[in-house]
Structures are given as C-alpha cells and as structure tokens.
C-alpha cells in the first residue's frame, strides 16, 4: 500500500487502472440506464417521474461519499503531509460540488411534481445546500492560495471542520420532521423498497461510484502532473536566472 | 488596447480573477446571504416570496460593498496609489475605470445570478425579470458610492466595517427604489418604469459625481 | 495583570478602541443593517415584528463575521504573528484570548444593543429578552467559527469575502437555533430552554474546538 | 527638463513642520543626495516633491521643454513600498506601469528591463514568490520602462545585493549622461559620482527647537 | 544555551528546495553572518531556524541549560516587518512584547530600551507617526526588552542612520560578551567583529545542481 503512496508509482498504477475503471463505468451505467428506462416499473402514485430517483439517489450518496473521501485525504495531509493526499483532496472538491449540484437539481425537478414546488427549506434540503456551499468555499480556497502545500493544509482544516455536516444530512430526516423521504434503502431491518426498483437503483449507484473513481483518479493524475510541470518550470527559471546574473 | 486606462482595466480584472475566482466569490457570498434568510425566517414560502426582492437587494448591496473595501486600500498599501498619482491620466478617470472593472467582476455576476436565486425564494417570473433589471440599473450607483467610502478609508488599514458604516446610509434611496421597481414588475400600483427611471438617474448621478469625491478623498490621504 | 495573556488581551482591546475599530463600528453596522430592512421591506409592522428576530440575528452574524476578517490578517501583515509564534504561550491560548477580546469589543455591544433595535422592529418585550439572551449564548460560536476563517485567510491579504464564504455555511446551525430560541421566548410550541441549550452547546463546542483548528491554520500559512 | 529649482520648501505633517526652508537647484545630469539622521525629513521632502504631500511653503519650479507639464508626471518615484501586485507576474507588473507612466506608445519590453536587473528568467513568476531584493529589483526596473527626466529614490539600495547595487550605479550614470536628474535619500553609499548633498541634519524637533 | 548545531538543513518553498544542506555550528558568544545574492535563501534559512517554516531535512539542535526549551522560544527574530502596531505608542508596543516574550516577570522599562536606541522622547507617540528608521529602531529595541540567547536578524540595518548602526554594533558586542549568539543576514556591513560567514552563494537552483 505504502509503495503506491509514492507519486511515481501512483501514476503508473493509475495509468493501469483508469481504462478498466472507465470500462466498468460504461458497462454499469449502460446497464443501469437500460434498467431504469425499460425495466423498472413506473410508480403507481408518481408515474414516470419516479425515474428521477435513479439519478437523484446515487448522486446524493456520491455527494456525501466524496466528502468522506476528501476527509480521509485531509487527514493524510495533516498527519503525513503527503503530496498524494493533497492531490486527492484537491481533485475531490469539484467532483463533490458537481454531484451535490446534480442531487440538488434532480431533487428540485422531482420536487415540482411531488411537492408542488421547486424548493422547500427543510432540514435535508438545507443541509445538502450547505454541503454544496462548503464545496464551493473549498474550491475558492484552492484557487486563492497559489502555493500547493499551503493550500492543501488550509483546505484540510476546513474540510475537517465541515465534516459535521455529513451526519446532519444523513440523519436530518430522522431528527426533524421533514417533507423529504426518510431512508428506505440503508435502514435497520432491510430495505423498504420493492426489488424491481431496488436493483436498478443499486446498479446505478455502482455505476456512479465507478464514474466517481475514474474521474477522481484522472483528476489526481492531472494534479500530480501539473505540479511536476510547475516545479520543473520554476527550477529551470531559477537556474537560468542565476547563470544570467553571473554572466 | 494600448491606452493607460485599458491597461488599468485589464490589470484590475486579472487581479480580481486571481482571488478565489474573483466574481465567483461575490456570487457565492450573495447565494449564501440569500439562503441564510430562509434559515432564519423559516420555510414559509408565502412570506419568502413577499420579501424576496428585499432579501435579494440587501444581499446584493452587501456583496457589492464588502467586495469594495480593498478597492483602493490594496493600492495604498503596496504603493501603487502613489505611482498612479504620477501618471498623466487624471485620477478621476482612474477611479472610474477601477469601478468599472470592479462592477464587471463583482456586480454583473450578481445581476446574472439573481433570477436563479429568486427561484429558490419562490418569486414569480415577472418579479424575477424585475429584480434583474433593477439590479442592472441600480448596482452602478452602489459601486460608485462604495468607491467613495473605499477612498475615504484607503489609508486606514481597517476598511471593512468602517467603510460599510460610512456608505450604507447613503445607499438607502438606491435600495428603496430598487426594491420598489422589483415589486412594481410583479404588479402593484406604480408602473414599473417610474422606479426604474429613478434608479437609473441615481446611477447616472453617482457615475458623474462619485469619481470626483473619491479622487479628492484619495488626494487628501496623508500619504 | 502581568501574564502574557492578559497583556495580549489588553493590547487587543486597546487596538479595537482606536481607529474606528472594533466595538463601536460593529454596533453601528448592526444598527444600519437593521434599519435598512424596513426601507427594503416597507413599513408593515406586523411583518417586521414577525421577522424581527431573523433580521437581528442575520445582522449580528454579519457584523460579527465582517469585523473578524482582520483578526489575524493584521498580525500577519505587520509581522506580529511571527513573533507571537516565538512566545512561550501556546498558539491555541493566544487564539482564544484574541477571540475573547474581539467578542467583548464587538459582540457584547451587539447583545446590549439588540433589545433597543428590537423595539424599532415592533417586537414584543419577551421576544426582546429572548433575542438578547440568544445572542449572548450564540455569538461566542460565531466568533470562534469566524476565527477559523480568519486564520485560513490570514496570509491572503483580501480576506473579507472569502472568509465569509468559507465560514457562513458553517454558521447555519447557530443561526437556526438562535432565531428559534428568540421565537420560542415569545411563545410557540418549543420551550425556550431547548434551543438555548443547543445554542450554548454549540458555543461550548466551538470554544473547545476552534482554537485548535485556527492555530493549525495559522501554522500552515507559508510565513 | 533642464532644471529643478526649490526655494524655501516647507512641509507639515501631523501638525508639525517637518521640512523647513529647504532650497536647492538641480540641473540636467546632476544628482542630489538627501542625508540626515532618521526622522530628519528625507522621505517627507521626497514625497512632497513627487506631489504626494502638499507643500506648506516655498516654491518648486522646473524649466525646459516640458515646463508646462506638472512635475509629478516628469518623475519616477521609488519608495519603501514597491508598487507591485503580488498576484501578477513581474512582466505583467512592468508592462502595466509602462502603459501607465510612459508618454509615448512605444515602451521597451518588460523582459529587456528585467534583463538589466538580472531577472529576465523570473519574468513570468508571480511577484509573491520573489525575495525581498528581487522585488526591489523589479521595482527599480520600472525606471527603464518609461523615460522620465527626474528620478526620486527613497533608499533605493535597500535589500539589494552587491551586484545589483553595481547595476543601479551604472543605471544612474547612464540616466545622468542622457540629461536626467536624480534626487535620492539614503544612509548607504549609492555609487553616485559627483553628487551634491543636501544635509537635512537632525530630527525636526531639533531643527525647529520645538522639543 | 551554549551552542546551536545545524546539520544538513533543507527548506522547501513553493515546491522547490530553496535551502539545501546547510550546516554550521554556533557557540556562545559567536556570530554568524549569512551572505549571498538576492534570492539565495538567506531569509528562508533564518525563518526556518526561527521556526516559522518547516525544515524538509536536516537537524537543528541546541545544548546548554535551556536544551529542553524549543529553539524559537530562545530566539529573538527581527525581520522585514517590524511587528509594531501603528495605533499604539512605541512604549506600549515594547511593553507588550516584553510581557509576551520574557520568561521572567521583571522586564526592563520600555523607556530605558528606547533610550538605548535614542528614541526616548518619542516613547509616547503612536508608531504610525515615526519615520522608517525610527520604526526599525523601535523594533530593534525589542531585543533589549527580554533576554534571549539567540538573535536572528534579517537585514537589521535597513533604514538605520549611521549613529544607529553604531548603537546596533555596540549592542551586538555586549550581547556576545554576555554569551549570546547572533545569526544575521545582510548585504551591508553590520559591525560584527570576528563573525563567521555562511555563504549561501548563488540562487538555490544552483546550490544542489538540480537544475
């Protein structure tokens, strides 16, 4: 494991993994979309708008999972000061923001037919919005601090502080009385949802996870390469600056 | 693109961009302010749509003013302001161009984002267009008034609050007519164009007057 | 009064008192924000008293956070922060004392002024006491959370907006329970002490945790 | 500009007359070095001549072809603050100041000015990443970006290494040979040959006796 | 503290190793002057030793009675920024730093320290009203407010007039006579007799040959 913490080994590993992950993403996404649109039944109450669920729920899960992964990377940054952890953190923030946005948008689209409004200010929706805002703040922080190691430490601290929001999102439906659905898949006593809807949902969730992993690895790889390039150009400039001055 | 003023304009935009995506931060701040209100007021959609224009206008006001506090302060700290005084370009024009760049980087994104935010506050479509138009007409006045405050506090090294305190009272007319034109857009007794005309007049007047006031304040600073 | 921390405390208070700083400005900003609202919303007293606690809380939130942006920035700019790192006193305690001084200079005046401002918003007497108490219990959390943001942006030389953007989302629970305890004070289904307890718990938790986060952020700065 | 004449200059600051009755003549090709202990008023005098502080007395005039142009627009000022934006690169900073300060449209390229101060390779780095002396050198490179007859320099050699001090001295000689003037305040030798000195002597409290 | 030992110090900044494999020994009463061109890494090295930047390699240790106290707490650092609050007076600033930096409860009075740097009469002026050199002298007066064995000074003579440079040289001699150590970076002579020098030479890319 530690062997792959070396950025060079990591690049090699990522290079080998990415094609497989991309293939797995394509396969599972294809299967998931097929099941969603051609196999899964319409809901007797909701009609075909229930199909939004197969996008909404996986993106909601991924928005939280991404934060959890970012938090582990943040710990890596703080405890080991490892550049790979820095890159993993940085790469996760925009992905998290995109999945959260997807969750918000699909939720709103679903809310219009279901609740008669695009948006309500209940605890679940609000805490997801806060998650989105935290992602945006992190992106802003990454953009503002030029020096990568310093930006990583600052972002790690903010990430760790913001992690309290995750349990709030997860349990908001249980702690407060909300319009939003309580957990029906991951709950004590097994899923309270029929198999014909559960399977497509789970496959879509797997597909989204693969999609995330592919994009995340690719973004980490880009970040490492960008840093190397930056470092090379700085070194070259300083070396030449010196020879120029002594000439 | 070779004149001093265009050089200044592009420099300002480039600096704005380097900081957390410049305009983006202003929009995010705006977004946060707008979404804080329902947290505080509670999820009563009727109430929210009733006070929606007010919330959007106050948030825009704050986002514009708070982004402005370093408009001249940064230049004063790093010595740029002194050097700008030795340029052949009149200081009034320099102020105007800096304000223009700031408006484009900060206020314009707010104008664009406001209808989206209005949606979350359950505002009606006509109201959404109204709020955008009124922000477009009114934010120049906010930027110019803010520039006066920024110039007054440029030497003091703790702008933020002080500047807001100096300028916020002066912005009340803009706020009042801004909200009332947004309200007029979604029906009401006043026709839409009247508050809009007043708002535009306020913006034009401050565009004409504020550069002189700000330039005078900058020159008066004990450099 | 001879220990390093008390020396720091008094220095902070003295600086806050000078140059249009700290306390007074915060209250004035608060006052202006609160009085802008009726201009924007219109003079509907029922509506105002309905959303009074929300307005007061949002205004207090902004006044506290915006006054905080230079908490560490000023020390970073003038080199004091480096020297503080060479003191024998742990940085966490230094952060805590600076926050304490800032809270006394900025937030405490808000607590005192809030009932007066509540009166202008036509709030009921119980509600006034409620808002004061809830601000007293909740503002420490705002100050401490803001300190984290101030520390994260200390080296960046244009804190203001970015800091607000980083920290405002984290303050939502404080805002929600702050307003709900103010509302509970003037009747309602929830007994007053429940949101108050949560608010105090939030303040205590952030008093315990934030100094570590802020100190870590200050150390992470590329000095 | 063929000469700069100062007669009985006085400058007030914080209610005190800091600079009192200073007179000097500076002609094309000449240099004048203001000396004096800390607090004597050197920086105050220079900033007043550059137009940043109002004169409370005396007359400042200049003659020559550009006599009708205000003096600040004929001057380069390099003070304690470098006037650089740390988010922009050295080249961007210089290109901006060239546009802003030059009277004509063709200005030298930033990289040639940076070459003179030995920083050509760092042209595309944000100024934030430069060392104190490197920043100072970028600030001094501004002198080459726009031709202006009067250079007003407040302790220009601060933070410069020996090689750069040498470069600066050469730039001074060249500027003077081309008919430029130099007005500098310093505590350390600047390599200005045949410069006249202006002794502001002691702190103003002693000057005016208002201890 | 009887000695400070540095072995193979490395410091990274912006992803680059700026200071590479620096070793030196400093004993009680000794002084070490870091020399080198702009951008050589002098300030970076000093800030790392003062504890403001992390070392990326090497070992820094000190011996003597205070061996268990962290090095930063035994050091006075005077850098480019003066560490003064401009709204407070010189005396208030110094009194604060005495409380903050001294280990014992009795500290000298600010006015005696200001006397040494020749600013006693300005003790009750807000620092905002002081000239560049006067501010720097207040910052240096901090050295006298709390006894600390290691003085880390980054271009301490900047903006000082000749008389104050003399005062500083005397303070150095006195500190060393009392067993103190001095670590300074400079481009100008500091009046440190018998100081060892540490030549950081050229810009960092060159030091390790990793161009």
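Each chain carries a letter (A, B, C, D and E) given by its place in the written order, and its residues are counted from 1.
Just so it is clear, a contact is a pair of C-beta atoms (placed from the backbone, for glycine too) under 8 Å apart; a residue touches a chain by one contact, two chains touch by 3 or more.
Since this is a predicted model, take the numbers as computed values, not measurements.
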Query: Chains shared as neighbours by chain B and chain C?
result: A
- prompt: Based on the averaged CA atom positions, which chain is farthest from chain A?
  reply: D
- request: Work out the mean Cα position per chain and let me know which chain is farthest from chain B.
  value: E
Message: Measuring centre to centre with CA averages, how many angstrom lie between chain B and chain E?
response: 45
- request: Determine the centre-to-centre distance between chain A and chain C, using the mean Cα coordinates as centres, and give it in whole Å.
  value: 32
- prompt: Taking each chain's centre as the mean position of its Cα atoms, how many Å separate chain A from chain E?
  reply: 47
Task: Name the residues of chain B that each touch 2 or more other chains.
output: 18-20, 25, 28, 32, 39, 42, 157
- request: Could you check chain A for residues that touch two or more other chains and list them?
  value: 126, 133, 136-137, 140-141, 144, 147, 149, 234, 236, 238, 241, 245
- line: Each of the following residues of chain D touches two or more other chains, namely 14, 80, 86, 163
- request: Return all touching chain pairs.
  value: A-B, A-C, A-D, A-E, B-C, B-D, C-E, D-E
- prompt: So in the complex, which bits of chain E are touching chain A?
  reply: 12-16, 37, 39, 202-206, 210-211
Statement: Residue positions on chain A within touch of chain D in the complex are 146, 234, 236-238, 240-241, 244-245
- request: Would you mind writing out the residues of chain A in touch with chain E in their complex?
  value: 147-149, 227, 230-231, 234-236, 238-239, 241-243, 245-246
Statement: Interface with chain C, chain E side, in the complex: residues 13-14, 47, 50-53, 69, 72-73, 75-77, 79-88, 92, 95-97, 99-101, 103, 105
- request: Using the touch definition up top, name the residues of chain B that touch chain C in the complex.
  value: 19-20, 25-26, 28-29, 32-33, 36-37, 39-42, 47, 50-51, 53-54, 57-58, 61-63, 66-67, 69-70, 74, 153, 156-158, 160-162, 164-165, 168-169, 172, 175-176, 179
